[in-house]
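Shared chain: chain A. Partners: chain B in the first complex, chain C in the second.
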Partner chain A sequence: MLKLYDYELSVNCYKQRLLLGILDVPYEVIPVDFFPGWEHKSEAFAAINPLGHIPVIDDDGYVLRDAHAILVYLASRYDPSGRWYPTSDPQLLGEVAQWLLFAEGTTNTASAARLHDNLGYDFDIEAVRTGAHRLFRVLDEHLWFAERQQRPWVCAASHPTIADLALFPDVVLSEEGGISRIDYPALRRWTDRVKRIPGFSPMPGIFPATPASTG
Partner chain B sequence: MSLTEVSAVCTDRVILDRWHPISALAETTPVPQRTQLLGAAIAHRRVGDPEPEVWLVDDAETPDAGPPLPVLVRYGYVWTSLGDPIDLFEIPEFDEPDRRRLNAGSIHVATSAPRAVENFLDLGHFPYVHTGLLGAEPHTEVTEYDVDIVDGEIWATRCQFFQPQAAQNASGGQMTQYTYRVPHPYCVLLYKSCAIDPTRRDTIGLFLQATSPETCRAHNFLCMVDEESTDTQLRRFQQLIFGQDKPILENQQPKRLPLDPRVETPIRADKSAITYRRWLTELGVRYAVVPAD
Partner chain C sequence: MPTPPDTAWYPVARSDDAPARHIFHGQLLSQELAVWRADDGFVNVWQNRCLHRGVRLTVGDNDGGELVCRYHGWRYANRSGGCTYIPAHPADAPAQTICNTVFPSVERFGLIWTTLGSDGEPPLVDTLEGASEFGLRPLPVNAPADVVLDHLGSYRFAPAGALTGDPAVRVAGIGDASIELVSTADGHESAAVFFVQPVDAARCVIRGVLAATPGEALAIPVLRHHNHRLSVLRDRIESSVVGHPPGASPAPAARADERSVVPADRAGLHHVRVGRRWDEADGIVGFALEPIEGQLPAFQPGAHIDVHLPNGLVRQYSLTNGPGQTRHYLLAVKREPQSSGGSSYLHESLAEGDELHVSAPRNNFPLRRDVTRTLLIAGGIGITPLVSMAHALSHAGLEHELHYFARGPEHLAFATEIDRLSTRLITHLGLSPEATGVALRTMVADPGPDTQIYVCGPGPLIQATRDAAAAAGWPDQAVHFEYFANPTVLDQSSSFEVSLARSALTVSVPAGRTILEVLRDHGIAVPASCQQGACGTCSTRVLEGEPAHQDVYLNDSEHRAGDAMMICVSRSHSDRLVLDI
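Right, the complex of A and B next:
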């Protein structure tokens, strides 16, 4: 069975769980003691990923690292509709690649801010928050104009792609890194649409689409 | 601007004269690490084995030196004090040889330490916040339980709740028996029926490091009877639960816990919460709370 080296509170691991849930692919979680155990930096884990980070998948002996590369593989391998990673449409595929690279930027800014605020990682917090706001402004404008053209998703298609899943967690959890989304109305509407994708699963810190009582 | 400049430094004697957790012992390093306690910048490092050093960073130019602070190593954590600390509470089961003793993660939370204690005491949120794990609808009823002050500590006993997956090693739903204990204004423990041995109880603690009046660092402490689960699995389960609580905690306003019983509706504040607030008032705690007077 497909194995996912996973840490519950990692957004990059969550992206994989999210896609696998949507595609209804069974998989086995191999928990990694990312915090406070730093297992991903251990010698044993270096045999799985010499770069010392997660997620990593092992699909029957095929080992792949890096969150966005794994999304590309999983969608290509397990989505018979060919929509999540649309290889048959060159322009759409180009857009997906563009926004996956953009998502590397939110990893380095919004995710970094969250690691700083939650776990005490040593980042220049003002610099990463400023960087995240710059990217959120670009994405919010892009989505606002897309909505005007009746396009609800990040890429120019009638359906979501892995670009939406790659960007969603850093955006929806940004407040945990002190990055307010109050000035990004199109981002807020888009995160609600992502939450309504059939098969959607949350992670700690993500609330369901319909406003829920906190009990 | 540094954190110290924006946060009020504590002048509350009741809180100053206590031990406070600042790091898991396992996470200390020979390289100094800075942190904050009660609005003051402090730092710690491991020197010998296992004795760490803790000091007050009173000069930003020389963060690696400063007036030494008292040090206590207990329960796998480093504790210090900005005053003249009274004895730390006892956890007798910590010394039982077959226990799993684990630092399950220290996580910053944008709320006051007492808010985190009060949430930990609340059974009613289980089905809504920890759905499918510590609770599930329609099993939302909190049955009658007892709250007493025993030897200066709060004890809530006879608590029980239906739980779909009470622990990492639980298989299937069960009625789980709980006892809660608040032995310190910013520390709370729970004892819950053990999934594999009904005669014993797992101990789970939340030790709060009040970094400022409105922020804290939650040290998740485990002392379990479980031979099967790996450290990684135990930590993962605890962090999943705490990760679900965190956004709820951070959305509560005001961030300091109001002690005046008229300030928040009594429906939310159940019996143990009411007792906790009254107990803080009687102790004279003023830091990280909105005092009743």
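Right, the complex of A and C next:
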């Protein structure tokens, strides 16, 4: 069975759990004592990932690290609809890659601010918060226009892609890093939409949304 | 020196910033706002703070009729902001005083406007009146509103028909918090109004509105044109204020109690108008009572109001509203054959447009929502509080069934309304008392764990339900009932003394008079409503003595405990009672 080296409070691990839940793929969680045990920096874990970070997956002997790379693999391997990682549409695929790189930025700013505030990481907190606001301005503007063009997801499609899942945790937990989303109304509406994706799973600090309507 | 509170109206969101089931996070003059649209379209603008623990309401849920705090699940009603349910106290109705700070809201020019004051309305803007206005993407700016307003005078944009042209832009008007610009190029002209919403002393939002909607193909290019140019302007403004400390923060908003949105007169009554009356079923008329100004106080399922009739009578009627249905109070009134002027007045004389006074809702029949199954049992017009409960249970997705006893199909009220709910409706028509007993014994045969019964209707039906439930082993606390009238033949022959522990007063209650009457003679104000031992409003704690109960509000175990009594009808077995008054 697919194994996920996981820490419950890690946004990058949550991205994997989110996609696996949506795709309804069974997997085994191997808990890593990230905090306060620093198990990901242990000698034993170096054999699994010499870079010393999580998540890592082990799919029947195929070992892969780095959150956004794992999303690419899992969607390609386990999504028969081909929508989450749309390899058959070159332009859409290009956009997915573009926003996955953008998500490296939100992870290194918004989620870094959260690590600083929650776990005492030594980051230049003003710099990472300013950086997060700069990216959120760009993303809010992008999503505001996407809403007006009736394709309210990060990439120009009628459905979400792994780019939405890569960005969502960094955005929705930003307030834990002291980054308010009050100036980003389109970003806030998009988080509601992600929460309403069938199969959505929450994590500590991320709550499910009410249904869009009673129907 | 503190500046006086700014009570002007400002836009705080676009209308489409508040789609269904979303909570918009806004801020005006340092006051954080939770802005949410209920399923009936009403836009609520509230202080962004749960009354319980101060958690932001914007992290909660908009369930379409109520806003639910994320932290401990306190629920607040559409329009009034009154608390409707506290999960930690599932058996109690929250006090009327637990009410959120609510600001007025008006939608105009595609924007949601509010004020931290209490009256007035958004400014009139001639350019936009009657125009097919077109809202631009709002732009938050990290600079004070007055600085931004100054810079907007130099904003350059092209008219919708000539986006690539070389425009000439002139200032057509400047308001306190807005500026109007007109751009002309290549024979095209565009008028735009930019409102500046002060977020706090150091931040604001530019909310631009064009006076004309461009053609469909031009909509996105026009939006992008302004978004780009305004972003460039924003960069310029923000770099100009770096290192300039902002001025004094705005003064805090007026206190909530100085600007209530639920106006009441000195007697605590609310002035309402009959907005609609209709025939609900044979012999049953429905009324929708609308507030004449402001909003009506919040209610919960099971609540009733006192209706003060123009003929001087006061009658209690249950509200049939569901959660979020807060535009008006809904009543259904059955014409009683022996009416002493209440139901006959409502049936014969009360017309659409008539004005009345009503009390705030009281709830002596609150609905628990922490159970897995609920059994609602209605007899005749006893359906009214139960239909409100069916709405709430259905809205919350909780399992429930409604047994509805009536003489015949023509007497069934709310049939189509209940049909739209998830309620499992079972009707029992034209049954004899014996057949009714059999039906009741069948439906309560199995006292399921975590199940509650609510029964309302004629006295004999309630008594039969309570007897059947007790015989089947239901605990008293799981069987809730509300009598409309007390069928007990009251015995007023005893005389005794009553000591009021907190008032340091002892009075004699002679035969033929009630405790309530004697207390009122002595100037002791005690809340009371039905004055026949049915509604529970005058429930009073007994500290010493043995009460002689004659009410139908308390259940048998509560009667036996003897630590509470209804002083409108109940008397004393002992020579002396000590009450907690």
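By definition in this document, the second predicted complex is superposed on the first by the 210 of 215 C-alpha atoms of A that agree within 3 Å, B and C clash if a C-alpha of one lies under 4 Å from a C-alpha of the other, contacts with A are read in each partner's own complex, and residues count from 1 in each chain.
One rule holds in what follows: contacts are C-beta pairs under 8 Å (C-beta built on N, C-alpha and C of every residue); 3 or more make two chains touch, one makes a residue touch a chain.
Because the structure is a prediction, the values reported are computed rather than measured.
In the superposition on chain A, contact of A:189 is made with chain C only, not with chain B. Using the contact criterion defined above for the overlaid structures, shared-chain residue A:32 touches chain B, although it does not reach chain C. Contact with chain C, but none with chain B, is seen for A:181 once the two complexes are overlaid on the shared chain.
Once the two structures are superposed, chain B and chain C can be ranked by residues of chain A touched, with B on top. Look at A:149: by the touch rule set out above, it reaches chain C but stays clear of chain B. Residue contacts after overlaying the shared chain place A:209 against chain C, while chain B stays out of touching range.
In the superposition on chain A, A:9 makes contact with chain B only, while chain C stays out of contact range.
Residue contacts after overlaying the shared chain place A:158 against neither chain B nor chain C. Within the superposed three-chain model, A:88 lies out of touch with both chain B and chain C [touch as defined at top]. Shared interface residues of chain A (contacting chain B in one complex, chain C in the other): 207, 212-214.
If you check the complex, the residues on chain C that touch chain A are 13, 17, 19-22, 24-27, 32, 39, 59, 61-64, 70, 137-138, 140, 219-220, 223-224, 227, 231, 395.
Per the touch definition, chain A reaches chain B in the complex via residues 7-9, 31-33, 35-37, 39, 117-120, 175-176, 203-205, 207, 212-215. Remark: chain A residues 141, 144-145, 148-149, 181-183, 185, 188-189, 192, 207, 209-214 touch chain C in the complex.
Within the complex, the chain B residues that touch chain A are 24, 26-27, 35, 103-108, 110, 124-125, 127-129, 217, 230-233, 235-236, 239-240, 242-244, 246-248, 250-251.
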